[in-house]
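Order as written gives the chain letters A, B, C and D; numbering starts at 1 within each chain.
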Amino acid sequence: MARVVLTPNLSQLAGGETEVELTASTIRQLLRELGDRYPELKPHLDEGVAVAIDGQIYQDAWLEPVPPESEVHLLPQIAGG
Amino acid sequence: MTRLHVSATINGDPVEFLCEPEQTLLDVLRDELQLTGSKEGCSSGDCGACSVTLDKRLVCACLVLGAEVEGHSVETIEGMAKGNKLHPLQQRFLEHAALQCGVCTPGFLVAARALLETNPDPTERDVRYWLAGNLCRCTGYDKIVRAVLEAASDIRAR
Amino acid sequence: MATTEETRARAVRPNLTWVGTRPVRPDGVDKVTGRAKFGADLQLPGMLVGRMLRSPYPHARIRSIDTSKAEGLKGVKAAVTRDDFEDLPSEFVPAGEMLVNYRDMVRNVMAREKALYEGHAVAAVAATSAAVARQALSLIEVDYEPLPHVIDVLEAMEPDAPLLHEDLVTAGVEPPPEAPSNIAKRLSFTLGDSEAGLEEADLVVEREFTTRPVHQAYIEPHACVANVSEDDYAELWCTTQGHYVVRAFCAKLLGLDISKLRVTASEIGGGFGGKTVVYLEPVALALARKARRPVKMVMSREEVFLASGPAPGTHVWVKMGATRDGRITAAEAVLKYQAGAFQGSPITPGAMCAFAPYALENVKVTGYDVVTNRPKVASYRAPGGPMSEYAVECVVDEIAKTLAIDPVELRLKNAAREGTRTVYGPKFGPIGLIETLEQAEHHDHYRAPLAPNQGRGVACGFWFNIGGESCASLHVNDDGTVTLTVGTPDIGGSRASLCLMAAEELGIDFEKVQPIVADTSSLGFTFLTAGSRSTFASGLAVIEATRDAVRQLCRRAAQIWELPEESVRWQDGCARSEESEDAPEPLSLAELATVAGKTGGPIVGHAQLNAQGVAPSFGTHIVDVEVDRETGLVTVVRYTAIQDAGKAIHPSYVEGQYQGGAVQGIGWALNEEYIYGEDGRVENPSFLDYRIPVASDVPMIETVLVEVPNPRHPYGVRGVGETPIIPPLAAIANAVESALGIRFSELPMSPPRVLAAIHEGAGTA
Amino acid sequence: MRYEVPESLEEAVALLSRAGSGACVLAGGTDLLVQLRSEAIAPDLIVDIKAIAEVRQIVFTGGCFRIGAAVSGAELGEHPTLRKAWPGVVEATELIGSTQIQGRATLGGNLCNASPAADSAVALVAAGAVASVVGPDGHREVPAEDVGVGPGQTSLEKGEIVVSLTLPARPRYSGDAYLRFTPRTEMDIAVVGAGVNVTLDEAGRCAEARVALGAVAERILLAREAADALVGTSLDAAALERLSATASAACRPIDDKRGTRAFRLSVAGVLARRAAKTALERARGPR
């Protein structure tokens, strides 16, 4: 089970949950699972979020494996100048 | 619209061109003569990207009318290297990484050459004040100033 | 003269031949001879001049636009208005690593219902000469209904403020508010319990800060040339930080197939984030499509200031608590950022960055994205970071001084390190903040004596950096030279750093590698040169493409030698077989290239990837200022920029990023600002009155390159371009405080503000 | 638009007189071309006066320097003796714009552009320079302070041209100085400018003084009360404080994008004092 931590903004859309435990082998599965569980979250996940797995930030990396027992954070996408 | 016929010397060569009275020297160099090394950053004399010399005097080409150069001599960045030999300033700019985007570089080089022709042994302060009319937003000026000081020393040693 | 120390905290790979050296950049000679072609330098036969008509009002409903008289003028070949761009639905869609809303983009490119800022494009013409185009603009009749405007971020948040968008409802608030407002978004991040943390504190400092809108102020104005053939095959030449992104935006706005739009990036004369979006390009294409002739559009400097770029003005509130011995127990911030005419200020990264340099258990950050009657903001070097980090670094300085702890010591005591949890969630991997602070502490600058009226300040900075999509292709030519094709425009020497990595991997001379920035039809999608990603992300693609070519080279050698492939390895530019008595002579790249045709055809390495594994960069700056107490003039007399590069591939260009960023920060801190009149119009849209630093305003910028490698990059690269603009704002404010005993909470610290504060005596300005 | 290059003053005056209101004189062009490009003006005729000999020369005659209106800042700075006599005027001219601008900008242009912030014009007013003007009705002399009467407004009549500026003969123990305040070191317009010109008597007391202030009113101010604060004194600290106060009091500045009213009032006094100190040192000469 990966432990997914939500930012306050996303938590608002997940019935106030700040942490969610779920099983997913890839980032895509994880996002789909979250979207299914919290439909209000889905549009925001579709817009694109960055996913940090055990501290390493991934952007647009659906196929990245999510190891079991990993700590996952969903964060806003980061761009730059 | 009547175009004016102008004869001038540009980078040592006799050149004739036609221009409208309101065209600046910069317009003429870029649009009529395809000498696009002189850049337009502001068209108000505030950035120095179009620096050229007019009868050896450093000016902004955007503040000179094309018609004004009749009978005069203009030097642009395109005339700075001789054959395949770069001017010491050009060489030092490359070695010191004194450019990042490079759009202000032609203006800086023309201005720096005019400085070294006036003052072959400038101090850091001399260089900074002389080049204050050339804006660079990338480098913070450090490497430009170093390159000019070193090129000055190269030229003095020759 | 300054010295440059290069410290290597941990070596990634020993015995590097090219990486870490300082050769002349491949495009250098073109740049010093005037040969390099920038955005406005392309001339095509039959080319028309395109010009934009812009709103004189900061806010006005557009009742009607009549271009018929202009179109009737001899020499006018096309005119376009809002009617030439299809409306697009409001939705945020990912574009590379940014979110774009095409409904807003199409309205920013050409005003639709309303003009939302002075300089907002309203119509455009293409004509046979500049004079005709100018005259044509004067013949376009626009019926405006001027509306009340709002520029300031706090005023825009007031309930009775003029409303920019009647349908804008604050996102991020549950339940959503019923009434529209100028607040586009509210967001927050929390860690621990900041209220409890403040309870623990012996000292609590609470301050408010204001920063003024600024501009990227690249020297090259926006420029492009568009051409559209009768079968709608379109070509675009433009100055941009990402021509693939320009292609995507323009294709969407004009309803073109992406495959039928070929975009070539010119050399780019500075961008700093401001050339990541489109302004002229869709309009030039629309004009060219109507006229069926090439159209060149170039912004004037005034247009650049009025209608492109800028960065937001902000209001930031910070509260921090610390124990007597200097442990920061809690931190809170509320950030309010101008987005300009359309939502999308860099409030999110601003909020994420604010406290990033510190290992804190209790943090709460709230941010507001607020629309105002200014141009839609564009990224500017670490977008959002300088303003929030400025406020925090000033408060940290105040805590240090109040507790009589050296400001570097205090930072070291609280510094983020590997394993520190950020307010946005994840923990940091290996980072180099502590190393930069230690370098600062031991730098002779930090101990040098100060003259009267001088003061010294320090501040830290953090930026994430990004990876993203990149392609690279490496062609081995039959004479043993190599052509390296990349998709990121080179804004500051990236061709040099990319070629250095290719030469290192191949084991051949740097001079043998010639780079080219491909047009969009010649290489796969590559994201912007932005987010300090080119050397990191395009670098990864280059390394992968090179390794792909090396695999092919080794296979060819194995086939020639009739040996198993796995017995061949690549070393020092040659294929070598396992060492044995009858081992064949190594085959060099040049030898293998010569026979490529006979051994299976051309050798081309390719890579396409979405680069992950980027690592942040931290910096610490030290600055000395001198203040003229009678005029309020602040002069920077000494400056040292220390930053973790991960690995400096071409150290000169890394230093250049530190120096350039520092001087942009100096400008932001001391003089740069948009000045608005009561009428909502910009009073200083020129390089004369928008005062970026000139050469005589600044000293040499000393640099220290710290190298704490990024473990996810083969050479340890982090990305260095953005962090350097963050520390100067607070470092200078802290230095002014140490000179005058006055703490400024408003930027820029321009002479009238400083003098007024001196006259007011002690206290806050 | 027509472009003409007359070779004599008569020809230039005739061209300008015949032209409608849309005729402009081109000397260095550093203001005119900016106005042209920004479409602030659209003249029918431009008269380039640089081919006229009188406007291009610096002549030393009868103790006076007569400086042609179209002499560039760079040429002024290179003159062998002018700087020694009038360092304030030369330095003020050298403050205008960049090296590039120096190559073009002229004293006459700076004066006739009639900006209250014009550096060289403030120094000329302090110096007591007189403009030599020719026009359809002949020749007249106009004190420098009476040329510019408001922002962009001169007292010149249609067809008139400033030919030269004459700096008066220099008594012994004279010195001038000009200082301006700008946020940047270069490439800026004066937020405040102050020119001070003093002549000392044998005893080292101030016999004559002129103080001019720039960018603090709609036109350049000749601050007589400020000058009076110096005359008869040895420019001691008390006199300099009086100068400072009277200079500030003479100002009637506005708030604008370049500075606030309060800032200008305060800094005008500071600069007048600092300029007076330099002028005094110059008047005393090398010890």
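Observations on the structure shown:
One rule holds for everything that comes next: a residue touches a chain if its C-beta (ideal position, glycine included) is under 8 Å from a C-beta of that chain, and two chains touch if they have at least 3 such contacts.
Owing to the predicted nature of the structure, the values given are computational and were not obtained by experimental measurement.
Two chain pairs, B-C and B-D, are weighed by contacting C-beta pairs, with B-C ahead.
Note: centroid distance chain A to chain C, computed from Cα atoms, is 26 Å.
Averaged C-alpha coordinates give centres for chain A and chain D that are 68 Å from one another.
Those residues of chain D in touch with two or more other chains are numbered 38, 185-187.
Within chain C, residues 216, 271-272, 687-688, 693-694, 696-697 each touch two or more of the remaining chains.
Residues of chain B in contact with two or more other chains: 20, 22, 43-44, 46, 129, 131-134. Inter-chain contacts, as defined above, occur between A-C, B-C, B-D, C-D. Across the complex, chain C meets chain B through its residues 2, 22, 24-25, 27-29, 31-38, 40-41, 43, 131, 216-221, 267-272, 298, 300-301, 491-493, 650, 652-653, 655-656, 659-664, 686-688, 692-698, 700-701. Chain B makes touch with chain C in their complex at residues 1, 20, 22, 30-31, 34-44, 46-47, 49, 76-78, 80-81, 86, 90, 93-97, 99-106, 109, 124-125, 127-129, 131-146. Those residues of chain D that touch chain B in the complex are listed here as 1-3, 5, 26, 28-30, 33-34, 36-38, 46, 48, 50, 72, 74, 97-104, 185-187. Listed in rising order, the residues of chain D touching chain C in the complex are 38-39, 181, 183-189, 191, 256-260, 262-263, 266-267, 270.
Note for the complex: chain C touches chain A at residues 92-94, 96-99, 172, 174, 187-190, 216, 271-274, 276, 348-349, 352, 379-383, 424-429, 463-469, 530-533, 610, 612-614, 712, 721-722.
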